[in-house]
Each structure stands twice: as structure tokens, then as C-alpha cells.
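I've put the structures underneath this note.
Presented sequentially are two complexes of chain A, the first with chain B as partner and the second with chain C.
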Partner chain A sequence: MVGTNSLYGPLDPARDAGYPDAPARMGFFTDTSVCIGCKACEVACKEWNQVPGTGLDLLGMSFDNTGALTANSWRHVAFVEQPRPIGQQSSPFVDTPTGPSVSAAAAAIGAGTKVDTGTKPGVPPAIEPDSAAWMAAGPEFPGMPGSQPPGRTGSANGRTDVRWLMMSDVCKHCTHAACLDVCPTGSLFRTEFGTVVIQEDICNGCGYCIPACPYGVIDQREGDGRAWKCTLCYDRIGVGKTPACAQACPTESIQYGALDELRERAQRRVERLHAGGVVEARLYGDDPNDGVGGDGAFFLLLDEPEVYGLPPDPVVTTRDLPKMWRRAGLAAVTMAAAVLAAFIRRSP
Partner chain B sequence: MGVRTWISGWPVYRQLTGTDPLGRGAAAKSGRSMALTARTETADSMARSVCPYCAVGCGQRVYVKDGQVSQIEGDPDSPISRGRLCPKGAASKNLVTSELRQQKVQYRRPWSERKAYVWWDEQHGEWTGHDVPDFEKTKAPGYRPPAEAKGTAALAGDDAFIMQGDGKAWLYVPTGLIDGPLPAHYEPAESPMRNALYGQQANPTRKAYQRPDNQLNPSPPEPHSEVFPYVFAIGRLTEHHTAGGMSRNVQYLSELQPTMFVEVSPELAAERDLHHLGWAHLVTLRSAIEARVLVTDRITPLRVDGRVLHQVWLPYHWGGQGLTRGDSTNDLFGIVLDPNVLIQESKVGTCDIRPGRRPTGPALRGYIADYQQRAGVRPQRQSPIVTTDSYREG
Partner chain C sequence: MSERSERTIWLSSAAGKGRRGHDGRGEGGGEQATVPSAEFRSYYGRPIIKAPVWRREIPSYLFTGGLAAGAALLAAAADLTGRPALRRAGRLTALGAIGVSGYFLINDLGRPARFHHMLRVAKPTSPMSMGTWVVAGFGSAAGVAAVSEFASRLPGRDALGLARQGLPLAGRVAGFAAAGLAPALATYTAVLLADTAVPSWHEAYAHLPHVFAGSALASGAGVGLIAAPLAESGPARRLAVAGAALDLAGSHRLESRLGLLSEPYRVGRAGKLLRAGRILSVTGMLGALLGRRSRLASALSGIALLAASVATRFGIYEGGVASARDPKYTVTPQRQRREQAAVRVDHQERHVGSTSSSAP
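== the complex of A and B ==
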């Protein structure tokens, strides 16, 4: 059905694309807070979709040697090393119930009282005053990166703890997919599950879809010419199977299901993380009112989208198409009228 | 094919007459897409199996079509893995179909005369041949152990050789621990630091092999430990399996971790003039290996005993064959075993790290000899096992 929101705004994409009895819209929720960077998704995807190899290149981007979503990598696990601690993590010595006394002197005096705990004969009832004083003098950085980094004790130049963000990126299967809008052959089409798929028997390799994608997902395969990307395993989900990446994911970082259900689950997950002190947790691509009408594959991130190489505010590149055509039409009419007017004046 | 079918197979007709006037969905669906189904559905058979890699034993479903493996994926019914796989397991089909896979099993029929490495010499009453027998030399093939036999005597004359002398699986430590059970802190067999707790530097019960080709880098209280000032620790990548013999033959895994590398801190990189993605080599008294450099904040210099101690990390998955090749980390290690179950104790060690690639051929031996000289190590030198006395003196 052609609706006012066919190119922009909230939309049920499958019904808009001519599936009046469409099943529930299916998608991915990729929760990066539990991603361990194993790359099983990348491999499972390539095995199922029989994607060619990408070559042996050491990229030096942490443990990421895939680099980006390409025609031959439909899942890409990004590794981001950041000089900051994970969540609200603080020194393990702070606020522990067995924490030190307020001062070294107080601790020495306290230990000197030798209160008999009466546990076992021959065991000193309390620690030595000297040891107690040392303990009360506060934690001494023992040199282990997990306990307290040099930066926090001022012993090494500005070093802090490092957190390692991992995110399995994939085609977003946008509600408003510009790739699909611009495809002149009908190779890119909307499935009954609301996903966006390139039909390899139709694609002629024109490449219009590549600059149309606001996320830079689609890519042309060298030596083949056609465009390739994630199909959300259209062949698998058609027979009720889980997509290969989500099936393999050992931590359930990649979750597959009905999009409505996934959005609810993601919201609960964010609230739980916030309650647990991970205030930087946020959803990306879950909002049906954003520039692409919401993503069919959305994410839970632990930092700004730019940190992961994602655009902060993506907009479907065909949003202004009707307006542009209207203006072009108006300009054409004006031009025709002007030409006509010129002839009218010349007449005697 | 009728004209009507032909016309309705035309997307524009479907677009004009159907529910998809924009031609972006139902009308654009190709014949191939309409017929598409998962190839697991059309497989001739499915076998339940277990992942060929590690000992976890994740369940796998192996789908077969026309006598060929068409898909291997996690088995959701497996109580171990519930259908999940790691990247190695996910690449199982790639392993099975790899061009580098050994297709012909080098199977040797037991005691095949043509291929035998060792055989029984009746005249002299002993095993002889091209190889050194791994078992009792004078035990005839026909020997059958009595029921109450123990140890090597329980091994029949034609039993397989399985590492242990009796050819059977062993339960270690049935009569008690050689070392333990109370915990104590010892430095590793190779360490740049003196044991902060005891005069005894390293585990006094460790099984050491004091040979000229297995020299340990000097550790305090021995002198010259400063020749190998850095600590190296090794580990695994999820993309490769043990020394890489399987995973480096698999395209999908090799491209995820294509190169042997060593991780260093920015501070050490500055100290030794190492450059991100450049070459470096690591040196011990045994050998030197080379690796590409990854400079990362994840590697932190430690402050120990008032001095800064640099550590480096490297994976141990590389070797001389496969799609991706590199130096073997195991070449760095000296062999030291823990006394209870004889597992290698030396998973960390000391080393030197230098920019550039290592020397090759005879030059490598000369390079190591230079380090041995600087460390004051002679071929017949014995590393001290008990160090408490020298600690008291020193």
C-alpha cells in the first residue's frame, strides 16, 4: 500500500510492501554488554551463506582483522579499547566491609588490645600492631592491573584502567531502507518478515544501493560485481530456523525474534543495567521515530554510537525524494510558463 | 507455460495488479526467492555429532546432501552447548572441506612388514629397527601379562604404546602429593624478581631437565637476570585451537587472526623502539622467535619492588604450516614440569625483546650464543634448585 509514510515516518514495512497477512516483523537485538568478541557470528554467517574468504590481513585494530561490514563479511565484530574502567567499577579496596581503620595509629592501638576471639589455641587472637598500622595506611598498589592501575595512584603517567568494547555489527534492516528505494532492478526487496534482502539472481551490480545506505553496510564483491549483505538468513527464518549468527552466539549477545518483543526485552535490559550502575548503557536504532523509522536490527551500546563507528543520527537518504520531485516539477512548470510568456511578448 | 502464467511471472504485472504498487516487496520477489528454503530442510540426512575441537564437546548437527557435508551447526538439543558454538566450531564445515585437509590417513597396519619401524629380532631376543622402541626392548610380542601384573609388567607384548610405560591410562597421585597441599608462593622457574616471601626462589620440587639445549634464563639470586629483563606470558585466541594445526588450515579462522603477534605496552614500545604492526623478536636462552607488534594499553607495566617491570603477551597458535604461518611460541620455553601431574610449569618466562626480524639459519644460533655469553651461561651450567642458602649468604 502506498502511504504517506512510505518513505519516512513510523511504518509497518511488510504491510507497506504488499504483504497484508504478514507475520510478525523479525529482527536482531544485539546486546553488546554481553558480547565477548569470539566472532562465532562472523564465522557461522560465512559458513551458512557460503561467503568467499576475505584474505589474510593483520589490521592492528585490536583483535579486529575484519575491519568493516563488506560484501564478504556480513557480521563484523568491532573491538574498541578505551582508557576507562568498566561501568562504575572502582578500586576493589574501597567500601569493603573489612576495610582499614581510619588511621594507622588507631589501627595499631586497636590491634594492641588483643581481644581474645577464642577460636583456636595457639593462634594469635589479633593481628600485630605493626601489621595493622600498615594495613590502615591504605592500599599500596601491588602492581596488578586488575587491582589498581598506576594512573590512579599517580605512580605512572596518567594511565587508567582499560575497557574493551566489543560489538557485532550487521545490516540494520531499516524500516525505511534507502537501498531498497533506489534499487532500479527490484533486486533489493522487502520480505514478509519486514527484512531487506538482495536477490542475487536479479542484482546487476549497478551499485546505487551502496551510497544510499546511511550506515555504509552494502558493498560490491570484487570479481563478481554484485552487491551483497546480510539477508537476516531469509532462507532459514522462512522455515522457522534461527539465523546462523544468532544460533551460534554463545552469550546470547545476538538475539533473534519478533521485533516488538525484542524492543521490550531491550528496554528491560537497559533498565537493569542502569539499576546496576552501568549508566552509559543505551539503545541504538530501537526508536520507530528516528531517521530511518527504527532498525530491524538494533543494538544496546555502552558508549556513544560514534565510538563503535555508527552514525549518531542516521536518516534515510530518500527522505526528501518527494519534496525534491515536487520542487523539480514546480521548477519545470515555471520554466515552461516563462518560455511561453517570452513568446507572448514577442507577438505584435 | 501458459500466457497468463508468463504474464503473472512479470514483476510489473504483479506490481500493477497486486498489493504492492510500489514494487518494493511482494511484487519484486524473484522466482528464486519464492522457492528459497534452508538447505538443512533439503538435506538427505542429519547426523548428531560432537565438535572436533576442544574437550567441551559441544553438540553439532551435520547435514549431508548427495554424500557431501552441506552444513554443520550447533545442536540445540545438546545439554552442553544448547546449539551454541565458538568460531572454531562454527567453522567445522570449513575444516572438513579445507583443501589443506589431510585426505589420506597415514595408517600403518600393526606390525606390517613393509612399513614397520621396529620389529622383533628372534635371534637376539629384542626389538630392533629404524626407530628406538618406546617399550621394553626384550619383551616378546607373544608376552601376555599375568592377571595380577602391575606397572610395565602389565603391558602385553603387542599392546599399543600410549605414553605411559604400562600402556594404560594413569590416575596420578594415588598415594599423595609430591608438592602441596598447602599453598605457597614461588616465583616461576624463570623470573626477573626475587621471591618476596621466602628465600626459596622457585618450587624446589619442580621437575627440571638440566640439559645444554634446555637452559633456563638466569633468575635471582643467580646473576645476569638483567639480560632477560621482560616477562612474557602466553595465551590463546578464540579463533585458533592449541598450536593451530587444525585452525590454521581453515580459511574462515585464519582470516580472523592471520598473523603471529606480540602485544606490548606503549611504554615498552618506546623503550625498545617497537612500532605498531612492525616486526619484533623475542629472545631466550633457547631460541628467538619473531612476531608482528601490537601496541596496546591493555598491557600494563607493573611496578614491582620499586622498579617498573614490563610484560608482553603473545598467542601460541602459530607454526610452519597452514594458510597462515609464523614462529612457534613454544620455541621460547624451557621445559620445567610441576611435580604432581607433570604439567609444564613454564607458561610464563623471561625474555628480551628487540625490534626487527630475528636472524635465521646459523646466524640464529650465533645470536643465541651471544646472549648465552652475556648471561654467563656455559653449556654444562646447572640452574640452582634450592636457593635458600644463597639467600641467607647474600
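== the complex of A and C ==
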């Protein structure tokens, strides 16, 4: 069952996991250029999967009040406001007396505050809240408010351009899934559709999958003790239905289907956007040669991945596992040799 | 010194990015210079990866597991070379430490009652699964070895008399079995930490096993220095020096060879713990060497070595957690890697372009 690319490189994950007659690999293509930030995906996911709510949280940093993917939020709509145009469009806010959705100071305070999501680590505070302030006020933000007249930062009246980036984040269902590789109970498994699912009756809450994930997707539910994440609606896709989030998406920003087909469709979409002048459009997670062997859920983004909270170049940690075991073996041999040397010398 | 230069390099690349991406907005001159150091990009400064949710039990286990391994090795070697007091101290410590380890490991689970689910599979890709089997095997062997120390207290007749006769040999075999598993027990935990997306753990995979091996030897030797009489503690002294030296050398590489990812090991609580560990290691080493005629000095240096191991394990643990919580450590190295890869592809394309154009 262990092939040459089992730990790294392009691979058909379902076949590698032992499904000789696996159906087509299924996945999501999330086209953020048409996302309107309605959060229907978040709600539909919670409803269908009976994910607990966390009450009314207002994070205060933007219109995003979810913060991150957690054990209790398997879809998360990121919201970014930038003082720049989308492609060559002009903003509807040109010369109108509008301000950003939050001030830089409010964003800094919001991002620096711990949120109680009922999960661990959930949505921890930013180490440097200044970077949230910078995010809310734009790239020329010179420090904390007050150090520049408002007109110069473009954060008050007379702003010229603004664009909103919205992105519905989800588990990536990696080709090489670190969470699955490191799970010591076999609770995490590869489905016949190539997706990665946690079996809740097996998980014993060891927490190893949580820091193993290069995207920060998996999280532990407090009180319950187990790890939870998106299942790509394994119960729905098994009977030919569309996952709840994709079904609920009103703009087809979330598209569900066979991964090969989605990749082709995404390629056409990005070419169309480039032709239309949106030169910053790019695909993320579509490449089978990337650090995780390509994502089962990939994205079309309009800025650098880290702006949306995605790692710029994730690599599955188990790529280096053979080297790690070899280094540990060397250290173990050194240890045994040190004991022999200490005892073989005759003591006085 | 190096912290500063890393920050500067990074800022200058960010400034370049700003100029390209924002159409000359950054050309204002003075503004770039006043950009706060936090101006690197992540989603509102929130972490990108999730930090481990393990509690204090896990760094504590890193210490107790290492201690059990070091003590079992010491006990087996003392058994072979006829040092009964050293052997006894080693065997009892090994059982005590692995017992406490088991408690820590089970108690830290989100669902402790399901700890036996760990025994459903044996997965080489999961260091935790491999570790479960090593701990289970080591624990059983260490248990028999420790119990055999009490064989002489059993009555000399009936079934117990039989046990009294058989136990010393069984203890000997079990002691060697435990010692055989001990190097694996002491070093697999390094792979456990490194096999995560936590930047300062993952990138340290080449150095962590040596730190953990050295720390385990030094703590095991520390028990020998505390418990064994001066006549038997010679090898424990040499082992203490070797272990502490291995630990110090490995920790130094952690703190200096990982570039930006060494920073979490030098600053904050992790930095303090690792500095304390270093001072205690050196103290224990010197005490072990110089205090060979004093039982008190030996015992004190043994205590210093144990404390050094605790401080080092918690320091490495905290350093990794700090690197996971700050998105700077996730984003910056990945960006650099991506930019270098882009440069490489660019060069290759240019090379291919020039050769094909020179062809007729």
C-alpha cells in the first residue's frame, strides 16, 4: 500500500489509501472573486452538521465575527477591506464620505482580544495587534492613530478606492494530510472520495492533529475533548448530494464537484479574470506538485494567501518524517554508545 | 544583533512588495521609514496555524519519559558491572518515572477514558502511535525489573518462594529489555514535536533528538549521583558529563542555526527557561566532576542535572508554542522559500531560453 509518493508528491490519495475502485476525487473550488460575504455557508454547515453555536460574538476587527476555522466553525468567511480598486474597476465609494468598517484602533483592539469560541485554541489574540490596525487602514498606515492627519491615511472622508475581499475558508482535504498521517488512533481516515474525515467515535482527543495541520484548520471542542473539522459532508456526498455549504451558496462562489473538472474550470476562470484586467487573481492549492500534493478544496484569491490567513507555501510535515526518524535513530545510537563508554572504563 | 538584521531584511522586501503592489503609494519617502515593525501580512495579525492544545502534562512527560529512559540504561549497565545500589536506584526510578508518564499522557487526553484507542493501530507515520507502543513495552519491562528488587523480601516457601527464586533472573532480562527500548523512548519524543507544522519544532528536527537524548542521559545520571554511594557512582559521573555536553551542544544549535526560527528559543519565557537549563547543566556537570569525594556535592549536582532537564524540556516546548502563536514565524520563512523557488524557476527559464535561441 505504501507507494513512492505516499508521503510527498503528486498522488491519487484514495487509491493510495487502499480503494482500488475509488470514485472520482471530489472537492471544492472556492472562487473568492464572486463571494459576497453573506455567510450562508457558515450557517448551512452548522445546521446540517449540528455544529454548536457560540452565541453572539462581535470581534470588532471587521465584518468577520467568526475569526478563524474552529471545532465549532467548519466554514469561515474572511473579510478584508483594502483601500485599492479591484482590477481596473472604480470603487462605488469614490468621493463619498464613507469610512472603513472599523477604525484602525478598533481593529487593533479587536484582534488583540481573546475570543471565547468554546474551543481550543479557537481564535487566539494577535501577538502584534498593530498588524491588524495596518490591515484595516491600508498599507500606508503609519503607526497607531493620531500620528498622521486623517486625510493622509485615507481612513476618513474623501477616500478614493476600496475593495472588499471575502473568502469562505474550509478544510483543504489535502492530498498529503498531516492530520491523518499523525493520528495515533486511526480516527482520521481517507474516504473513497479522497477527502479526510474524523471518526468521532474513535477520536480520544490526543490533540496531535491540531498543530500538525499546516493550515490551522483542526481544533478541539472544550467540554467534549475531541477534535472536529469539515467532513466535506461525507454523509451527503455518499448519496450523491452536494455539501451543505455549496448548496447554500447564492453566488456559486463555493463549487463542489470532481476535482479534475474543478481544476479545469478554475483555470478558465482565472484566465478570464486576467483578460478582464484583474491581474491579481491567482489560484491557491490547485497544484498537485505543491507542498501538500494539492488541496481537495482550493481557492481563487485576489491577494497574497497570508492576507486571508492562509500559509503562503505550506508543506506537509511528514515529508521530512523519514529524515526525522533517521536523526532520532542516530541520537539513540549515540545514547547507547555514551552509556557503554561511561561503564566500560574501569572506575578507580 | 542577528534579530535586528533579520527584521531589516524582511522590512526591505515588504517595502519592495508595497511599491509593486500599490502603484507607487509607498514612494512617499518618509512613510516607509516609519512603518511599524508589525507591518507584515497575516489576517488581522491572527496566527495562521493552531498552537498545540497540550497542557503542562506534555512537557512534564518529556522530562519524566527521558528520566525513565536514562535511569533504565543506567540500571542495566550497573547490573552488568556489578553495582547493586546504582542498579536499584535506576530500576525504581525508571518504574516511577514511566508510571508518572502514563498518568500525564492519559490525563492530557481530551477523552482520557478512550486512552486504549491508541492501541487500535501501529502507524509509523504517527510518532505518537510509535511512542505508545514504546511506552507500553518499556513500562512492562521496567515494572518487572523494579519489582524484582523486592524479591528478597518474599517468604521462602510456597508459590511466593518460587517467585523469590525466579524474580532476579526475570528482573535482569526485563531490565535489559527496558534498556533496549530506552534510547527509542528518549528520542521518539523529539520526532513527536518535530512532526508538526509548528515552525520552530519542525525546522529543528535535526537537532531535537540529540538534545532529548542528552537531557535523558543527564537526568538518569543525576538519579545515580543522588542515590548511589560514592564507590558506585563513577560511571554516573561520566554519563552526567556526556549527557549534559550532548544536551548543551544540541541546545546551542537550536538557538543559533535556525535563522528567524531560533528567535523563539532566545526570547520570552522559553529563552529564560533554556538559559536556566544551560546554567543548571553546567553546574551539574562541574559538580559531578569536582564533587567525587563528597556525597553531598554529588547529590546536589544530581539535583541540578534533574532541574536542568526540566527547564530544557519546558523551554523547548514553550519556544515551539510561541513560534506557532506568532504568524511571523509561519509566513516569513514560507515567503522566502517561495521567492527563492520563483528565482530558481526564473533562472532556469532564462537558461533554457538562451540555449534554444542560440540553436539554429
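Going forward, the second predicted complex is superposed on the first by the 256 of 348 C-alpha atoms of A that agree within 3 Å, B and C clash if a C-alpha of one lies under 4 Å from a C-alpha of the other, contacts with A are read in each partner's own complex, and residues count from 1 in each chain.
Basically, contacts are C-beta pairs under 8 Å (C-beta built on N, C-alpha and C of every residue); 3 or more make two chains touch, one makes a residue touch a chain.
Remember, predicted model here, so these are calculated numbers, not experimental data.
Who does A:S62 touch here: chain B (first), chain C (second), both, or neither?
In the superposition, A:S62 contacts both chain B and chain C.
Once chain A of both complexes is superposed, is A:A24 in touch with chain B (first), chain C (second), both, or neither?
The answer is neither, since A:A24 touches no partner chain.
Who does A:R190 touch here: chain B (first), chain C (second), both, or neither?
After superposing on A, A:R190 lies in contact with chain B but is clear of chain C.
Is A:Y208 contacted by the first partner chain B, the second partner chain C, both or neither?
Once the two structures are laid over each other on A, A:Y208 reaches chain C alone.
Does chain C touch more residues of chain A than chain B does, or is it the other way round?
C
Touching A:D181, do we find chain B (first), chain C (second), both, or neither?
both
Considering only touches as defined above, state whether A:K241 meets chain B (first), chain C (second), both or neither.
first
Does the superposition put A:V279 against chain B (first), chain C (second), both, or neither?
Neither partner.
Output the chain A positions appearing in both contact lists, the one against chain B and the one against chain C.
In chain A, positions 62, 141, 143, 181, 186-187, 202 sit in both the chain B and chain C interfaces.
If we count contacts the way the header does, which residues on chain A are in touch with chain C in the complex?
Touching chain C: residues 7, 61-62, 67-68, 78, 80, 84, 107, 110-112, 120-121, 123-132, 134-136, 139-143, 147, 178, 181-187, 202-208, 210-220, 224-227, 304, 306-314, 317-318, 320-321, 323-325, 327-336, 338-343, 345, 347-348 of chain A.
Which residues, counting only chain C, touch chain A once they are in their complex?
On the chain C side, the touching residues are 18, 21-22, 25-26, 28, 31, 34-54, 73-74, 77-78, 80-81, 108-112, 114-115, 117-118, 120-121, 123-129, 132, 182-184, 186-188, 190-191, 194-198, 202, 205-206, 208-210, 212-213, 216-217, 234-236, 238-239, 242-243, 246, 324-328, 330-331, 334-335, 337-338, 341.
Inside the complex, what are the residues of chain B that reach chain A?
Going by the criterion above, the answer is residues 11, 18-33, 36-41, 71-74, 76, 81, 83-87, 89-94, 237-239, 251-259, 261, 267, 276-277, 292, 294, 296-298, 300-304, 308-309, 323-324.
What does chain A use to touch chain B in their complex?
The touching residues are 1-2, 6, 14, 16-20, 36-40, 42-44, 46-48, 53-58, 60, 62-63, 65-66, 81, 83, 141, 143-145, 149-150, 155-156, 159, 162, 164, 180-181, 186-192, 197, 199-202, 233-236, 238-239, 241, 244, 247-250.
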